[in-house]
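The next part holds the structures, each set out as structure tokens.
Common to both upcoming complexes is chain A, partnered first by chain B, then by chain C.
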Partner chain A sequence: MKSTTFRIGAAIAGIVLLLILVGCIWTPYDPAAIDNSMKFASPSLAHPMGCDQFGRDVLSRIMIGGRITILTAFGTVILGAGLGIITGAFSGYFGGIIDTIFMRTADAFLAFPSVLLALVIIAIFGTGELQLVLSLGIAFAPSFARVVRGEFLRSKGLCYVQSAKLQGASHMRILFVHILPNIKSVLISALLIGFNNAVLAEAALSYLGIGVQPPKPSLGGMLAESQQYLFSEPLLCIFPGTVLILLVLGFGLMGDGLNTKAGEV
Partner chain B sequence: MKYALKKLAGMLLALLGVSLILFLAFDLIPGDPATAKLGTNATPERLDALREEMGLNDPIFIRYIRWLTDFIRGDFGESYSYSMPVREMIGEKLLISITMTIMAFIMVLLISIPVGLFCARHKGGKIDTSICAVGQILMSIPPFFSGILITLLFGIVLGLFTPGEFISYDKSISGFIGSLFFPALSIAIPKAAMAVKLLRSSLITELSLDYPRTAYSRGNSDWQVLLHHVLKNALIPVLTFFGMALADILTGSIIVEQVFGIPGLGRILLTSIMNRDYPVVQAIIMLLAAVVIVVNFTVDIIYRKLDPRIT
Partner chain C sequence: MKKKLAFILVLTTLTTAFSGCGSADDKTSGENSSHITVGITQDLENSLDPHKAEAAATREILFNVFEGLYKPDSNGELIPAVAESYELSEDGLVYTFTLRDGVLFHNGETVTAEDVISSIESCAGTNGDTPLIPAFSNIVSIEETAEGEVEITLSERDPDFMSYIASVKAAIMPADQTDADTNPIGTGPYKYVSRSVQENIVMEKWDEYWGEKAYIENVTFKVCADSDSLVMALNGGSVDMMAHLPVSQAQQLSDDFTVLEGTMNLVQAVYLSHDFEPFQDERVRKALCYAVDRQAILDIVSDGKGEILGSSMFPNFEKYYMPELSDTYSYDPEKAKELLAEAGYGDGSLSFTITVPSNYPQHVDTAVIIADQLKEVGVNADIKQVEWNTWLSDVYSERQFEATVVGVDASNLTATAMLSRFSSDADNNFISYENPDYDNAYKSALVESDDKAQTELYKECLTILAEDAANVYIQDLAEMVAIRKGYEGYEFYPLYVQDISKIKPVE
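Right after this comes the complex of A and B.
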């Protein structure tokens, strides 16, 4: 039984994801095709979201730009959650010196707001998608580690873990075969929140011009470009912005719905 | 007292950890500060002399200690690109960013507390439901896009301010505050929406406890119960959020500055990242992280004051 909030969220996120998925195999126009006769064309049947300052079709660019946003967000969450789960699991389960070292390091990293940490890493490794994933992944790992550690700490005293131990299961088996599936509800909502933060951070960094580099389209980059024409062509920034909001809203509502289901308000 | 000391030790440790990470991160970068300063045409002898002068040949630990003590004394090093002390470059800019952060934070408080109280008072009503729905959407707006929308609405459609105009504080204090008002608002709105949601649910949880019922039975009105009995308790869990929000607003201000064309820390930070002007990046990030850490420490202390049960 899924809550209504979750359903609405899934529907909104679904629409955006569908748009982006379709964009993987087909876009109405080539997103990089420049057509001088269509500069700043208003939305029409041929170009549902109009054209930008080079006459490129905005819808096609959103479909491709959204894909880059989603892929970097996925990459970030996979890297961040991967690092976080491993360190969090070891910290929570074994405790002692491992716990102290991992968690003190996590604390120091958590003291950086994640965008700042990402900026440091970009300053060192340069701009680009891989650097973006790397920097945001590292920036997000400590908060995942925190959540996972708490769950492992709570789980390790529970009966099923004790009985698995009595059966002679190895530590690795207990960690990743027994405990990990049992904390999935907490993990999934942490993943959804992380995904949202990653989308927002990617958009912000690309907006600042240090994330995905033009001419590759990205939602943040499109917003930065269209801002110059805000006065004459306000619609140009409304479309990519709306897609960004819908994406974040959809995943946010899904996360809320799961939490309510788990009994937390 | 013991609690405060423990937290103080934690804060100092965090500051040390952050400074160590920052120092090591920038030390690992391939490249040589001496070459960066003199350019690639410099003779090896001059490079060697400068390296010796800058102390680059010393062991890493010594260099860290030196960097840290200089930093604490307020000497943030020298910019590679502009050959001037970093401190002079960022002093004024820091003031702009901090003023904007404080303004945005006050806005978050001024919006979220009354609206949160109203929603909890009229829980489930039409207005509450619509505020919650609108809030959910506002929460999903990235601060730079809310900045663009505000420029569009207040700047271009309503003509309340000139987009891209910035008045320095030494010209006119009120003009300075005025030109930071809309940027601050665009950071504040998404955060305020989130704060309303948290405060509302915290107030509703508190209202379902026994003590509000006792307060009602003594003849208090709805608002009296909310303001004098429930609000203080309900604010405790929200306080952590306010602490984190302040950090987010500070980093958000760097981004929003770009939207409104404000010459604050954000612009310097970005150009320095592009120019690989590491001393500037290092100093700005260290300062911002230090502000965040000190704020979190303060929140912990206030938290304890409000709720002595916390250990």
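Right after this comes the complex of A and C.
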């Protein structure tokens, strides 16, 4: 049984995801098409969310921008979780010197904010979506490693691991076939929270002008662009902001729901 | 827990906007008209010594405190300041300045020939230092020839010499001053009072000023570093006047403000690196010029305000500006496609990156529109935003770029300020432009002694730049100055200058 919190979250995230999925095959307008006659057009039937300072359709831009934001967030989580699971699993299971090396490195990474770390990586590798994923992925890995290490440390003394050992299973098999599936509920909620943080980090970096480059839209970039017009055209900021909030809220509630459930067990 | 982050993000957006640049408590305007608070977006340099001032933002403020022997007026003419008049010898090498009687420094002492000599010498680097004004390395000697007369001898003719003499950098300061970095003492209409780094700089009217005295008693230049909060600062009442406002922000001001329209006196263009292979082909550069619809850029970025340019000179520089060059390339996408096909870059085979400094929204917006327009003719332009310091080091110094959208301005009222950078051996030729015709025209202009003939040669340089499509010239950006109702008299200069002494309260 999934908790109510999880369901509400899934519903909210689902609406936003649906919007973005539709954007993959169809958008009402070309999101980059500039049309001066539609500059700052108010919401209407033709443009449900109005047009921005270049006369570009805001709905189309949110559909495409949301996709770019979500894809970079996915990339970040896959990279970050991948690195985190491997290092965390080894540290937790084997302990000793491996644990010390991995975890002290992770501590060093965690010592300063992940967005700052991402900034440094972007300063070295330049701007672009791939660099964004790379930098955020690396920045996010230590927090996954911590969670995973804790779980492996806890699991390694449990009976089913002991019995697998007695049956002569290899370390790799125990790590990834026996333990990993058993910690999935903790892992999934960590992934969901990580996903949320990645969405926000992408938005923050694009907001600072070093994430996704114009004219490609992204939710953070749209917020940054609309800031100049905050008082004369507040809707330009409200629409992408709302989508961002709903997305994060949805995934956050899903994560919370799973957490509660895991706690009950 | 984490979902709170979403709200925090939104809150941060709002608080940065609302924080403005100060509280409304320090609102003293309106009630007491002999005070004005002027917002500036960039703090001054650490040193307030005008001889060392590098940033335009520093010079535009110090203009109120300092004067040279001559100074520019709002028409771009040079008018006598610390000097009363000057005479030029027939060979054009000896300038004899007659000093004005009874000009006082802000510390109460009279300006003497000794002060003038030491100030010019420090700019010329006669004591062995690098000259602070490179053009002054041409000075052979500076002497006091008679009571109140200073004679400057040059090694070769320089028709621009007076423009350098009139710049804030050649300001006259007391000869015996040792703390010029922190305590600027000049002869200008305003006297320095105090400075708080990253916060403000305060000045008061100098009552003993030799010329027409300022109208407003106290001036505070307030640093508003966050350019997004300027509108809040103005509407909220903490700032009375602000220059260099983009059109989009000026439009959001309340009725309490008079918005004056001018131009920024810079040349905004897509500067093309001539080291990048496709741009070495004249046809490609011309194609880009034909593919860009300048009027559309003006319409979208600044509601049609601004001046379309065709070469490296802006309209307020009337002596050299050639309005006809703006029509060299009319918007003609078909012709652009033809030229591209001829050059072998037909149908989507030309791609390049436009590097833009991210702190200038007007340049970023222009780049976005240009990328869209270039798509029409099958050219793929990517945009890469960089921080201003990265731009300075990578693009300007290292010349590691393909194309960039920026504005280039003039540091003083000379044609060389705009044109020297395009001669092939110039250090600041960041686009690596090499054209023997241009080099010839520019070199002959430098040595030409007849003013009229020289102007013609400079105009020839401008024509070459336009016809060779050295860069994709776009516009001199519109600049809005907002001033609270209750003040009047703001004057635009063809230089980067904020002259507060002309502003007066409305009776």
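As a convention for this text, the second predicted complex is superposed on the first by the 263 of 265 C-alpha atoms of A that agree within 3 Å, B and C clash if a C-alpha of one lies under 4 Å from a C-alpha of the other, contacts with A are read in each partner's own complex, and residues count from 1 in each chain.
Just so we're on the same page, a residue touches a chain if its C-beta (ideal position, glycine included) is under 8 Å from a C-beta of that chain, and two chains touch if they have at least 3 such contacts.
Remember, it's a predicted structure, so these values are computed and weren't measured experimentally.
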After the chain A overlay, clash or fit between chain B and chain C? clash
Does the superposition put A:I210 against chain B (first), chain C (second), both, or neither? both
Report for A:Q227: first if it touches chain B alone, second if chain C alone, otherwise both or neither. both
Once chain A of both complexes is superposed, is A:S189 in touch with chain B (first), chain C (second), both, or neither? neither
Just chain B (first), just chain C (second), both, or neither: which does A:F54 touch? second
With both complexes superposed on chain A, which partner does A:L253 reach: first (chain B), second (chain C), both or neither? both
Have a look at where A:S218 lands relative to chain B and chain C in the superposition and call it first, second, both or neither. neither
With the two structures laid over each other on chain A, which partner does A:Q131 touch: chain B (first), chain C (second), both, or neither? neither
So, A:R104: does it touch chain B (first), chain C (second), both, or neither? first
Contacts of A:T87 with chain B and chain C, given as first, second, both or neither: neither
Intersected contact list for chain A, partners chain B and chain C 123, 200, 203-204, 209-210, 223, 227, 230-231, 237, 241, 244-245, 248-249, 252-253
Show me the residue ranges of chain B that touch chain A in the complex, using the header's touch definition. 13-15, 17-18, 20-22, 25-26, 28-29, 136-137, 139-145, 148-149, 151-152, 156, 163, 201, 204-205, 247-248, 250-251, 254-255, 258-259, 269-270, 272-274, 276, 278, 281, 285, 288-289, 292-293, 296
In the complex, the residues of chain A that touch chain B are 104-105, 107-109, 111-113, 115-116, 119-124, 200, 203-204, 207-210, 220, 223, 227, 230-231, 234, 237, 241, 244-246, 248-249, 252-253, 265
Taking the complex as given, what residues does chain A use to touch chain C? 32-34, 36, 39, 53-55, 123, 126-127, 193, 196-197, 200, 203-204, 209-210, 213-215, 223, 227-232, 237, 241, 244-245, 248-249, 252-253, 255-256
Can you list the residues on chain C that touch chain A in the complex? 2-3, 5-7, 9-10, 13, 17, 228, 231, 246, 248-249, 251-252, 296, 299-300, 358, 361, 364-365, 367-369, 371-372, 382-387, 390
